[in-house]
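The two complexes that follow have subunit A in common; it is paired with subunit B in the first and with subunit C in the second.
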Partner chain A sequence: MGDIISFAYQYADSFALLALSSIGLVIIFGMMGVINMAHGEFMMIGAFGASFGFQWGLPLSLAIVTGVFAATAIGLLLERLVIRKLYGRLLYSLVATWGISLVLSQGALVLIGPSVPSLPNPFGTVSVGGMNFSVYRLFLVALAIALIVTLWALMRFTNFGLHARATMTEPDMAEALGVRTTRIYMVTFGLGAALAGFAGAIFGLSAQIQPTFGAAYTPIAFIVVVVAGSRNIIAGLLASALVLALVKTSFTVGFNILTGYVAMLVTALIIIRLSPTGILDLIGKLKALASQHRSSTAGTSAEETKNA
Partner chain B sequence: MRELLNGRIEPGKGPVFWIVGALLVIGMLFLPGLVGRYTLLNFNSFLLMVFLATGLALLWGFCGVLSLGQSAFFGIGGYAYGIVAINLADSPWASLAGVAGGIVAAVVFAALLGWLTFYGHLRGVYVSIVTLVVTLVIESFLNQTAGPQWKIGTAHLGGNNGLGRFSGAAENIPSLTIPTGGGNSLVISGSSPTFYYVLIGLIVFTYLLLRALVNSRFGVALAAVREDPDRAETLGYDIRLLQSMTFCIGAALAAMSGLLYVAWGNFITPSVFGVTANVLPVIWVAVAGRKSLAAAILGAVVLQWGAQQLAISGGEWALIVQGALLVLVVLLLPEGLLSLRQQYSRMRDVRSSSLKSQSRQG
Partner chain C sequence: MLTLTSVYAGYDSTPVLHDLTFEVRRGEIAAFIGRNGVGKTTLARTVIGLIKPTQGSILFADEDVTGQPARSRARKGVGYVPQGRGIFGDLTVEDNLKLGRTIGPLAPRPLEYAYDMFPILGERRSQIAGTMSGGQQQQLAIARALIGQPDLLLLDEPSDGIQPNIVEQIGELCTKLNRDEGLTICLIEQNVDLITSCAHRCLLLEKGQITQRFSPDKLQDPEVARMALAI
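Up next, the complex of A and B:
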């Protein structure tokens, strides 16, 4: 029993890590097709901003908001100056954002220094049935779920969400019908940067805040994004993070952390090898296979009704 | 043969191009007599990266595949050279076997990765991301191989200290060694003029070979894949095979740089797989102009030299300047500095044709 609870705890923890570190990237990629190589640096800016806010004497929650604002401001600025000029040229935007990531991380090192004071972690531990759980980790899980639900509601019920979904599926038609697609792109990029900054500030509660802070999360976020695909951002993100976290946790528990990481990558490669457009299409294919199998084993009666 | 060298894909033809090129190579031959051993050591390290740069230009500029995993092949080539050469340390053939081992290991890995990506119908940014992530995973794998159980034959992988005696290991990675018969052999150290001449010779040979390759029917097919993969496929080209083959050639070139790097410095660490090591070749090729092999060669050498000068005077600003340069080039000159020349000649054409039409009217 204890093993099961411990596994569930670790599973939820890695799910939260994958979902939080990739949510900003998933939105930008899903909406605009742009792979933002500076994603990790937006996270770094969020953590730096929160650290500065806290040093100015702001309460922790407002310090985190400061970090989010900093990341959003830089994201919007870059969208206007660089990304906007490269719409539709995805490889160029990838290369340009890579240059930006180099400038941001090295710039932080030169201008601010190798590290900034860390943030206090206000969470303690709870003990349930003789096992200790970090409240911070549980908070991350709750936060990941809350963010995904909020994002879903935003896309489903607001005017912005409607326009965003229209822009995502048929940009030309959306524009012809009066949706200001460039504004949608700008807001999307800003939202992605804000979520990256938020994740960075939250992760900054338990990590040393350095200019290379984001670099560790970037490859993980990329793996989640390519597996999530761009058909349905929220369902894709959820499925991708759930499956990859399961693989990662199983192999981490069975072997070690590195094996968990490599197994996660190999799983991602297998998923996109089977279904280049992401995990949702793979699930769709499997469902189709299963129903085919069921109808063929169910005998010829179904076939006959169909023919009739 | 003439056709292959003066073809339509690789820019730069006519007597002026060839004479300037030949003069440049001949001029380079005098360098070891003019500079000290330390400068030559540095210069050798710039020149050996040329293969990595041409491999990336071939993939990105000629085939339209932006691989961000070239440093994976660089590292695999380097590690394989080190492992093979350490294990055969007593034989005079150790380093040449290492060269073969490095290239074979990289090509086999590239074929596997190519099967996973291109035959998995991945395209565009997906290929870039998969290659980048694979590279970073290799880095994190090698970083934790510090324990004594991580060894291949007699070569300890050494974790983030890497391979070779400089990293504190007992084994030394041999320099390039060529058996000259009768039990003698020629050892070519990284700071020697011989290493420099070998590099110049290899670069000229590789350039001419790749030039012939991209100007051949194969190269024309690659250009078709780059411009429009779907149309190329409809016209009967096996685009996955073409992309995978180019990927393997690019990997062999990157491995060449990697193993020369190890033969040059006698050590290698997992940092060659890192993000910074990965972005630098992209900067050289993007800034100089990815659609020309000659531009990639010049870009690699000149930008490395410039970055080193910057690092000497400006310390940590060198990477910022290079990153900013990359962003500016993508925004202002998407085809790199090479496109300045094309714009100039287009302007000249327009002017001369308008002059002609004026004279006709007059």
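Up next, the complex of A and C:
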């Protein structure tokens, strides 16, 4: 029993880490086919902003909001100046955002220095049935779920979401119906930057905040995003994070943390080898295969009855 | 309502429209005909604004819209039903219809308007649009354009791959909307029955220009039909 609870706790914790570190990246990639190499730097800006806000005497929650604002503002500015010209051009956008990431991290190093004061972590631990759980980790899990649900509701129930879904699949047709697609792209990029900044500020509660801060999370985020694909942002993110977290946790528990990461990477490679467009299409293919198998076995048995 | 003057447009490597000039008057149903690959779809995409002309001007409702993006033209009242229907296949029928609400300057019509026009859309409102049949998707595309109360409806081969009774229905709908609401329609078509059932005038597109204008009755002449249509 204790093992199961401990596994579930670790699984949820991995899921939260994967989901939170990738959510902003997944949105931007899903909406506009742009891999934002500066994702980690947006996280860094979120954490820096929160740290500064806290030093100015803001309460922690408002300090985090400051970090989100900073990341959003810089994200919107970059969208206007650079990203807008690169929509749908994967390689250009890779190079350009990579350049931006270098400028941002080096700029932070030069202007602000190698590190800023840490944020306090207000969370303690709870112990249930003799086991200790970090409230901070449980909070991350709740936050990941809340963000995914909010995002789902935004896409599903609002006019913005409808226009965004239309723009994502058929930008020309959306435009021809009067959808302001450039604005949709701008808002989405801003949203992606905001979520990256938010994740950064939250992770900043438990990590040292420095210009290379994002580097701890970006490899994970990139793995999650390629597995998530760009067909359906929320379902892709969920499926990707759930599956990869399961692999990571299983191998971490069975062997060690390093094996967990390696297994997660290998799984990701297998998934995109089988289905370059992501896990949702793989699931679709498997479903089709299963039903084909079912109908072909049904077909043979019908054949056999007829022959008999 | 719509005036193109000396318009040149095409794709990077292929110029298609070449010194194209024509006018469609308010309250008119104009049929654009021409052989396959002559540039009818290019013309429609240029009118809505998805292709930028390299030269020439486009006037819609007496306003020069040449430099405006497609969204502005749609919002000013151009309803576009592309060849191939342009349905959002992952979205529901209802969501597809809602996307027509940004068309036109007036308040959009309620979705019920579409369901009254094509009852099948009402029955299938929560179905994923990509799983609808071709004919149903065509009805959806037309209804979506009409939801926003356009002043000009741009139909690109609505009869393409559609069974005769639905084609007939589309013809009747065009006539009715034109008569009751004064809707101006640019109908790009190959289907003689549909053209003769509703169009007031035919404009023949050849080598990137309108070379002839004649009455739809003329299409009954097999000689004319062979020259003008891809049959």
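As a working rule, the second predicted complex is superposed on the first by the 293 of 308 C-alpha atoms of A that agree within 3 Å, B and C clash if a C-alpha of one lies under 4 Å from a C-alpha of the other, contacts with A are read in each partner's own complex, and residues count from 1 in each chain.
Heads up, the rule we're going with is that contacts are C-beta pairs under 8 Å (C-beta built on N, C-alpha and C of every residue); 3 or more make two chains touch, one makes a residue touch a chain.
If you're wondering where the values come from, they're calculated on a predicted model, not measured in any experiment.
With both complexes placed on chain A, subunit A has more residues touched by B than by the other of subunit B and subunit C.
In the superposed model, A:169 lies in contact with subunit C only, and not with subunit B.
When the shared chain is aligned, no partner comes close enough to touch A:122: not subunit B, not subunit C.
Shared-chain residue A:215: touches subunit B; no touch with subunit C.
Once the two complexes are laid over each other on the shared chain, residue contacts for A:114 go to neither subunit B nor subunit C.
Within the superposed three-chain model, A:284 lies out of touch with both subunit B and subunit C [touch as defined at top]. In the superposed pair of complexes, A:59 makes contact with neither subunit B nor subunit C.
Common to the subunit B and subunit C contact sets on subunit A is no residue at all. Subunit C makes touch with subunit A in their complex at residues 48-50, 69-71, 74-75, 80, 82, 86, 88-91, 95, 98-100, 102-103, 144-145, 148.
Listing the residues of subunit A that touch subunit B in their complex gives 33, 35, 82, 85-86, 89-92, 94-96, 98-103, 106-107, 109-110, 215, 219, 222-223, 225-226, 258, 261-262, 265, 268-269, 272-274, 276. Of all residues in subunit B, those touching subunit A in their complex are 66, 116, 120-126, 128-130, 132-134, 136-137, 140-141, 144, 275-276, 279, 282-283, 286, 316-317, 319-320, 322-327, 330-331, 334. Looking at the complex, you find that subunit A touches subunit C at residues 162-163, 165-166, 169-170, 172-181, 231-232.
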